[in-house]
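Data first, discussion second: the structure below is written as C-alpha cells.
Should a chain be cited, it is by its letter among A, B, C, D, E, F, G and H, assigned in written order, with residues numbered from 1 in that chain.
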Amino acid sequence: MQSNTIPSITLPSAEHNPTQCRAIQYNSSMQSNTEIRKVVQTLEQTAREILILLQGVHQEAGFKDIPAKCVKVREHFSTVRSQLAILKTKFPSEQYYRFHDQWRFVLQRLVFLASFLVYLETEELVTREAVAEILGIEYEREKGFHLDIEDYLSGVLNLASELSRLAVNSVTARDYARPLRIATFINELDFGFRLLNLKNDSLRKRYDGLKYDVKKIEEVVYDLSIRGLSRSQPSTSSADK
Amino acid sequence: MQSNTIPSITLPSAEHNPTQCRAIQYNSSMQSNTEIRKVVQTLEQTAREILILLQGVHQEAGFKDIPAKCVKVREHFSTVRSQLAILKTKFPSEQYYRFHDQWRFVLQRLVFLASFLVYLETEELVTREAVAEILGIEYEREKGFHLDIEDYLSGVLNLASELSRLAVNSVTARDYARPLRIATFINELDFGFRLLNLKNDSLRKRYDGLKYDVKKIEEVVYDLSIRGLSRSQPSTSSADK
Amino acid sequence: MQSNTIPSITLPSAEHNPTQCRAIQYNSSMQSNTEIRKVVQTLEQTAREILILLQGVHQEAGFKDIPAKCVKVREHFSTVRSQLAILKTKFPSEQYYRFHDQWRFVLQRLVFLASFLVYLETEELVTREAVAEILGIEYEREKGFHLDIEDYLSGVLNLASELSRLAVNSVTARDYARPLRIATFINELDFGFRLLNLKNDSLRKRYDGLKYDVKKIEEVVYDLSIRGLSRSQPSTSSADK
Amino acid sequence: MQSNTIPSITLPSAEHNPTQCRAIQYNSSMQSNTEIRKVVQTLEQTAREILILLQGVHQEAGFKDIPAKCVKVREHFSTVRSQLAILKTKFPSEQYYRFHDQWRFVLQRLVFLASFLVYLETEELVTREAVAEILGIEYEREKGFHLDIEDYLSGVLNLASELSRLAVNSVTARDYARPLRIATFINELDFGFRLLNLKNDSLRKRYDGLKYDVKKIEEVVYDLSIRGLSRSQPSTSSADK
Amino acid sequence: MQSNTIPSITLPSAEHNPTQCRAIQYNSSMQSNTEIRKVVQTLEQTAREILILLQGVHQEAGFKDIPAKCVKVREHFSTVRSQLAILKTKFPSEQYYRFHDQWRFVLQRLVFLASFLVYLETEELVTREAVAEILGIEYEREKGFHLDIEDYLSGVLNLASELSRLAVNSVTARDYARPLRIATFINELDFGFRLLNLKNDSLRKRYDGLKYDVKKIEEVVYDLSIRGLSRSQPSTSSADK
Amino acid sequence: MQSNTIPSITLPSAEHNPTQCRAIQYNSSMQSNTEIRKVVQTLEQTAREILILLQGVHQEAGFKDIPAKCVKVREHFSTVRSQLAILKTKFPSEQYYRFHDQWRFVLQRLVFLASFLVYLETEELVTREAVAEILGIEYEREKGFHLDIEDYLSGVLNLASELSRLAVNSVTARDYARPLRIATFINELDFGFRLLNLKNDSLRKRYDGLKYDVKKIEEVVYDLSIRGLSRSQPSTSSADK
Amino acid sequence: SQRKEEKGSGVGSSSSMVIAFKSFQHELDTKHDKYERLVKLGRDITIESKRTIFILHRIISDPNKDGVLTEAENKLDVVRLKIKQVAQELVGEDLYQYNRAFTPGLQEYVEAVTFQHFIKTRCLLCLEDINKPLIFEEEKSDVKSTSIELLDDPLIPVLEKKQSNPNILSLQVTPVDYLLGVADLTGELMRLCIGSVGNGDIDTPFELGQFLREIFDGFSYIGNTGPYEISRKLYALKQSLAKVENACYTLKVRGSEIPKHMLADLFSTKSELMEHDEDIS
Amino acid sequence: SQRKEEKGSGVGSSSSMVIAFKSFQHELDTKHDKYERLVKLGRDITIESKRTIFILHRIISDPNKDGVLTEAENKLDVVRLKIKQVAQELVGEDLYQYNRAFTPGLQEYVEAVTFQHFIKTRCLLCLEDINKPLIFEEEKSDVKSTSIELLDDPLIPVLEKKQSNPNILSLQVTPVDYLLGVADLTGELMRLCIGSVGNGDIDTPFELGQFLREIFDGFSYIGNTGPYEISRKLYALKQSLAKVENACYTLKVRGSEIPKHMLADLFSTKSELMEHDEDIS
C-alpha cells in the first residue's frame, strides 16, 4: 500500500536512499501499534464488564451470591483469553517489551480481576502461574506472550486495596468474620512485599498504598475486637476457610 | 515595483483589498470573545451566590431549613436563565463549539448547583433534560444553545463529592439516616458511570475522584453500622424515601 | 434498600434508564473522535507527500522544473479533496468547532502547501476563497465544512518562512531576481498582518516569527544590492521562469 | 566623525551628558533593591524564629503552655516592628508597589504568624487593622507603608491550614473541644472568602486550598461526634485553656 | 454555637462585618484592573497604527518622504496623549507601581516609537524628558504618572535594533551615508549602556541583543568600506550632520 | 552572632538536637556566599571598565593609540589583582569548587580581557600561566585559588570572537594587514581546539561559535584577496609582527 | 581546493599552541574519565543504600529483628567500601569539583544510615557520627595520603590532606548532602509509621510524630536560606509529617472508644446485630 | 504491645506466599542488576562514540587525513567491544526490556559511524551496514548461543536465538535508534560544514547541503508518525539545514564578486583607499 506512494517522491536517488527505506520500515511498526490498540480496547471493555460484576460484592445484597457471580466472571474470562490470543498475533513474540506499554495497564487490571475472583472463590492468593492460566498466556518469558512479574505484583496490590474496602463493607453487611480473614491475608501479603527491593517507580508507589490498606484493615479488626465482634459470631459467608 | 503595490493595500475600500477584508473578519471574531467573557462573568457571580446559599446545608443549623433554601435558590436560577439568554445572543448558534471553552467551566458549575438543588428537593438525580430546563437552554444540540453531555456529566460528578461531604456533616448533625440514602445514591451513580467508555480527558480524571467519594461514604456507613446507629433512629428528614 | 434500586439501572430499555441512555450518547461521541482521527491521518500522509514534492524546489536543480512540480502537486490535491470529503461525513456540520482541534493542524499545513503551490505558479498570495476551492471545502462558515480564518492566516505565515528560505536558495542557484520579488511579497504580507488585532495566542506567536523572515529577506536583498546583483539581470514579468 | 562624539560622552559633568545621567539614576534604583533585600532577610530570620515557637503548640506538651508561648511571640514581634521600621526608610513611600514583590512573601508570612498568635490568644480572627498594628505599619495605603489587602487575605488563608492541623493534634492531645471551635472559625472564614470575587491569581489558588481545610476539620468533628466525644467535655469559654 | 455566629456574618451592614468590608475593598481593586486593561487596549491600537506608519521608512520608496511621515506620526501622538490622560484617572497616582505591569509593555513600545520618530527627525537620541513630553506624562516620579527609567531604556534598546535594520535597507535604497551615521549613533548608545550596572532582568537580556545590532551595523559599514562606497557618495538625506 | 538567636528556640532538647546544630553550620556557609558575591560585584565593575577601554580599539580612531590603551588596561589589572586577593580570603582554599559558580563568569571575562590585552600587545595567545600571573592567582589547583582550565578556554573563545569583529573593523579603518594576521592566529586556535574532547556543556556551545568566527575571518580574507588588498599594502598598524 | 592544503600546513603540529592544547586535551580527558568513574561508583552507592532501606523496613514484620539489623549493617559495610573507592579517586583532588558525580549516592547513604540509627536508638544520627566511619585505613602506600580532622569550624575542609597521618583515606559527607539525605529520611519514617500502625505497633507512631516535628522545626529554621533542593523537599516533608500526625490522631480517636463501648454498647450492639442478620438472610 | 509479636509470628517464613515472594525478590534483583550493568556499558559507549566524533572533526584541519581516519576506526573498535559486552548481557533476553538502559549509547554510536561513513564516502550508512559489524564470534561456549538473520520483514527480531549457529553473538540497532542517531548526525554535519568554510574548503558545504536536504526529506516523510523524540529533533534538523544553506548562500554571494571587482574595482579601490589612509594618520 505504502509502496505505491513512495516511488512518486522525486528524491534524486530514491533507490539508494536508505533514509527513505527506513521510513517505510518505521511506518510498518506504526501499523502494529494501531492494531494492538484496537485489541487492547476490546480487552478494556471486557475488563470493565468483569469489574461491574465483581463490584457487586460490596453491596449488602451482593454478599449472598458471590459463588454465582464467580461463575459468571469465569465465563467472561474465556472472552479475555480469546482477545489475548488475538493480541499475540499482532507482533513478533520476541518483541513483547517493545509494545508492552500498550497492554500493560489492561493486563494489570486483568490480573487484579483474576486475583479478586480467585480470592472470592478460595480466599487464597492466586499464583502467577494460575493467573497466567486464567488469562491463557505464558508464565515464562521465553515461551512467548507472558505475564511480566511487575504487572502481576501491581495487580495483586490492587487486590489488597479492594479487600480492605470489602472488609469495611462486610461489617456493614454484618459479616464480622470476613474482615478477620482478610486481615490475615493482607498481612501475609504485606510480609511478602517487604521482601522486595523496588525501584522508585509506579510499583513502589502502589506498594506504599498497601501500607494504608493494612492500616485500614487493622482498624476494622480493632473496631470489631473492642466490641467483642471479632470471634463470637459464626460466619455465614459463602467462602469459609 | 514595491511602490506600486503598497499603496494599493492602504486603499480604504475593503472589497478590493483582501488583506484588509481579512483583518475585519478576524478582528470582529475577537470582538465576540470579549462580549462573551463579560456575560460569563455575570454568570459566575450568580453561581457564586447560589453556592453560598447551598453551602449552608452543611451547617448543623442548615439541615432544618433545606426546603426554604431550595426556594431561594430556585429564584436565583431565574437570574441564571436571563443571563444565559443574553449569552446566546452573542454568537451564531452553530458556532457553539467555537466558543465553548469560554462558558464550559461556569456551565458545569451551574449543572452541579442545579443537581444539588434537585437532590435536596427530591433525593433524585436530575436528568439532563431537567437541568436544561432549569437553565433555560436546549437539551438537544440541534435546537440551539444546549447542554453538552460532557458538561452535564462533569457537573454531576461534582455532586457526588458534595454529597459525600454532606454525609459526613449529617452524622455531626445527628441525622444518621441521610448517609445511608446518600450511599445508595452514589452507588447508583458510580454504577452508571462505569458504563461509560471514558477517554483520557478531564472527565476521566474527575470520574477517578468518584472512587474516593464512594469509599468515603462506605466508611461513614461502616462507622454508623458498627456502632448500631444505622437503623436505630427514625429518620425525620425532609425527603424520606 | 439498595437491592431495590440497582436492578432498575440494569434494565435493558434505554428509554427508561437515564444513566444507560447517557452512556450511549457519550460513547457515540467518542466514536466520532476515533473515526475523525483516522481520516486526519490519511490527510497527514498526503500532506507529507506534497511537502516532499514542494521541498524539492530548494535544490539547485529544483528551480528548473517548478512548473512540472506544480502539476504533480495539483494531482495530489485531488486526493486531499476526496479525503476532506470523507472527513465531512464523520460528524454533523454544525459541530465543526467541536472537533476542530483534531484537523486544525493538518488543515493549516494544507493551507500552507496550497499557498506555496499558488505562489510558485503565480507569485501571488492565494486568497482564502481560492484555498477553500483547492481543498474542496467551503469559504463561508454557514455553508458547511469551511476554512476558519485563523487556520488560513496560520498557514499563510508558514509560507513566509518557506519563502525566506527559498530566497536564500535562489541566490545559491544564481537566480538573483527571485529574492527581490519575494521581498516585495513578504513586505506586503507583513503590512497586511499589521492591520490585525491579534490576541495573545498561537497565531500571535507565529506572527512574531514573520519579523525574522522579513529581516532575513531584507538581508538577502542587501547582499545582492551591495554587490550590484539586484539589477544586473532582466526581471521582466513577475512569474515567468 | 566618531572621534568627535565619543569624548563628549566621557565628560565628567553629568548635566551635559544624558547617558551618564541615566546611568546614575538607574544604578541608584538598583542600590535600593540591594538594601531592601538585606532588611527583608532579617525579617525572614525573625519570622522563622516566631514560626518555630508557634509550631510548638502542635506538640502534645505544647497545648499546656500556649499563653506562655504567646507572650514570647509578642516579644519577637517587637523585633519585627523595628525591622519593618528600617525597611520603610529604604525607599520613598509612594514607591511601595514598585518594590512590593520583594517583601510581599515575608509580609504574608508575618500576617499568618500574627493571625495565628491572635487566634491562640483570643480564638478570633485578627482584623487587618490589628495586624497592621502588631506589625507597626499603616492600615490605610495613603498613610505610608501599609498592609495590602491581598497580602492580608493570603496570610489569613495560611492560618486556616495551620488550624486544621491544630485540630488534628488537639485530638491527639485529648482536647476534644478545640476542634469544634476551630470548625466554627474556619466555616466563618470560608463564608467570608466566598463573598470575594477572586481573579485567577495566586490568592485564588490558595483559596482553593481552603476547601480541603474545611473538609478536613469537618471530618475531625465527624470522628468526635460519632464517638460521642463532641459533647462529653465542658467547653465553657472560647479560649480558656 | 455555630448557629449564633453564622447569621451575624450575613448581616447586610458592612460596617459591622469585617469580612464583607474586606470583600468590598478587594472587589473594588479588581475593578481598577479591568478599567486599566481597557484603556491599555486603546493605547495598543494607536501604537500599532504609528508602527505601521513608521515601518514605511524601510521601503525603498519610503526613504523619500520621511519628513511627511514624521508629521503624520506626530498627530497620532496627540491621540496617545489623550489616551494616557484617561489612563491616569483610573487609579490613585501613588499606586503607579501597583498596576505598572499592565501598561509597562505598551509604554515601552511608545517610547520606542517616539525615539524612532525623533531619530528620523533629528538623528539624535531622544532624552527621557523629551519622551515624557511627547507622551504627555511626567518626567519625575514625584509629580504623578511618569516614565520609569527602565521602561525608557527598554524602548531605546528597541530603537537600536530598528536602526540596524534601517541601515541594511538604506544600502538597498542606495543611501550609503546613512549606515555610517547610524553606526556612530549605535556606538554611542552602546557606550552609554556599558556604564549601567544592569541586574539580571529583562533589560539585561535586551541589552545583550544590542551587541548583535552593533556587530550587524559594523558589518554593513565594512561592506561599504571594502567596496569603496563609504565615502564616494554625497549624502542627500534629510538629516545631514 | 547567630548563636544568640538559637537558644531562644524552645525545642525540647536543643543541645541534643543535631538537626539544629546542622542548621547553624549551614547558615555560616550562606555567610561566605554573601561576602563572595560582594567581592565578585567589585570585580565585575572593574571588568566593565577594562572592557570599555578595550572596546575603543574597534573605533576607527582607536586603532592609533592601542599601545596607550594597553598601558591603561595594565593599570586596571592591578585593581583586579587586589580584588582577587580579597576574594581568596572569603573561603577555605580547598573549597574552590564549592563556590566556583559565583566567580566563574567574571573570571572567564577577565581571562578574555587579559588575553585581548596580550593579543593587542604581542599578537600572541596568552598562556594559561601568563593569565594566572596577570590576575595574580595560581596556575595549579594544588597551590590555591587557581585558574580552572575550562574558564581559561572559555575566555580564549571570547577572544576569537572579538578578533573576528576586530578584523571587520580593521578593514573599515583601512588596516588590511591586520585581518590576515588575525586569520592566522584564529586558524591556529581552531586547530588547537579541535584536539579537545568537550562534553555537551557551555564550553562546547561556545566552541561551536568559534567555527563561525573562523568562517567570518575567512570571508574577510577572501574579500581582501579578490581585491588584491591582502598583501600589496604596507601595514601601518601599531602592533606589527 | 589548493587552499585546503595551504591551511592544513599552516599550523605545524609542533607549534607551542598545539603543544599547549595537547596538554589541555590530556587534562580534560583525565578529568572526564575520573568523573565518569565516580558517577558509576555513585550509582552503586545509591542502589545498595536503597536496598539497605528496604531491609530495614522489614523490621516491622520480621520476628528476627536482630537478623534484619545485621543484614542491614552488612549491606552498609559494602556501601562504605564503595565510598572508600570514591575517596581513593579523590586523593589530592578538590571534592567539590566532582561532587555532582556522586552526591545523589551520598544522600542516599545518609538516608540509609540515619534510618538504621533511628530504628536502633530513636535518635537522629549527626553528621559527625556519619563521617567517622568514612575514615579509612589505606593499604597501598603509593597513593597520596589523606586525613581528616574534626574541627569546631563548620567550614572544615571536607577532604583534607595531612602530612602526619600518611595511611588515612577519607570522604566526608557535606552538610548539604546531610540535610538532603535527612529530608528524604522523613519519607521513610512516614512509611515506617504507617507500617507500624498496620502491624499493631501503637507506640512507634507517637515517637515518630515527635521526632518528625523536631526535624520539621530544624528545617523550618533553615527555611529558604538553604540550598534550592531543600525548599523543594520541604513540601514533601510537611506531607509526611501530616500523614504521621493523622495516623497518631486516628490511633487516639479509636482508642477513645475502648472504655465506654467495651462496657456499655457491647452487648446491646451485638444482640441488635443478630436480629438484623436474620432479616437479611 | 503483645500484639506486635502476634502479628510477626502470624506469617511463617516458610509459607508458600513467602516462598513465592522470595523468588520474586531474586527475579527483580537480578533484573535490576543487569539493567544497572547495561546502563554503565551504555555510558561507556556514549563517551567513546562522542570522542570518535571529535577525532573525525579534526579531518578538516589535520593534514594527515588517513591518520585521523585510522584513529577513529580504532576508537570505534573499542566501542564495538563494549557493544559486544551488552550483547553478552542480553543473551536469551528480550532486548526491548532493557532497551532504555543503553539506547542513548547506541544512538551515539550510530551518530559516530554514520559520520565516519559520510566523511569517507559522502553517503548515508544504512541500518543493515551498521548492524553487520555488530555480529560477534563468541569465544566461550557456555553462554547461550545467539544468531542473527537479516530478513526482508522490517519487524525482524533484533536479538535472535538460533540453534544452528551456536557461537554467534549479536546486538542489533533498532530502527528508532538508527533514526535518532541520524537526526543527531545532522548537527555534526552542520559543524563540519561551517568548519569547512572556515578552512577554505568550498566544495564540502554544497555536498553537505544536498545531503542534508535528502535527510530532511526522509524525516519529513516520517513526520509525526515517528517516535516522539523525532518530532523534537526535527526542529534542530531544520535549524542545521538552514545554517548549511546559509553558508552555501554566502559562498555563492561572495563568489559572485570575483570577475567584476577583480578587474574593475581593484585598482580604483586601492588607490582611493591609499588617499584616505593619509587623511586619517
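Here, a contact is a pair of C-beta atoms (placed from the backbone, for glycine too) under 8 Å apart; a residue touches a chain by one contact, two chains touch by 3 or more.
Computed from a prediction, not measured in an experiment: that's the story for all the values here.
Engineer: Between A-H and F-H, which chain pair shares more contacting C-beta pairs?
Structural biologist: A-H
Engineer: Between D-E, B-D or B-C, which repeats the contact pattern of A-B in over half of its pairs?
Structural biologist: Having compared contact pairs by residue number, the answer is B-D.
Engineer: CA centre of chain C versus CA centre of chain D: separation in Å?
Structural biologist: 52
Engineer: Compute the distance, rounded to whole Å, between the mean C-alpha positions of chain B and chain F.
Structural biologist: Here chain B and chain F have centroids separated by 62 Å.
Engineer: If you average the CA atoms of chain E and of chain H, how far apart do the two points sit, in angstrom?
Structural biologist: 48
Engineer: Taking the mean of the CA coordinates per chain, how far is chain A from chain G in Å?
Structural biologist: 34
Engineer: Enumerate the residues of chain G that touch no fewer than two other chains.
Structural biologist: Within chain G, residues 7, 11, 32, 61-62, 199-200, 217, 221, 225, 257, 261, 265, 269, 273, 276 contact more than one other chain.
Engineer: Scan chain E for residues touching two or more other chains and write them down.
Structural biologist: Those would be 2, 6, 59, 187, 191, 195, 197, 226-227.
Engineer: What does chain E use to touch chain C in their complex?
Structural biologist: Counting only chain E, the residues touching chain C are 45, 48, 51-52, 55, 58-59, 165, 168-169, 171-172, 174, 220, 223-224, 227, 229.
Engineer: Looking at the complex, which residues from chain B come into contact with chain C?
Structural biologist: 1-2, 5-6, 9, 18-20, 22-23, 25-27, 29-30, 33, 94-100, 125, 127-128, 141-142, 149-150, 152-153, 180, 183-184, 187-189, 191-192, 195-197, 199, 241
Engineer: Would you pull the chain E residues touching chain F in the complex into a rising list?
Structural biologist: 187, 191, 194-195, 197, 215, 218-219, 221-222, 225-226, 230
Engineer: Which residues, counting only chain F, touch chain H once they are in their complex?
Structural biologist: Its residues touching chain H are 60, 64, 173-174, 187, 190-191, 194-199, 208, 211-215, 217-219, 222-223, 226-229, 232-233, 236.
Engineer: Of all residues in chain G, which touch chain H in the complex?
Structural biologist: 1, 3-9, 11, 32, 36, 39-40, 43-44, 47, 61-63, 199-203
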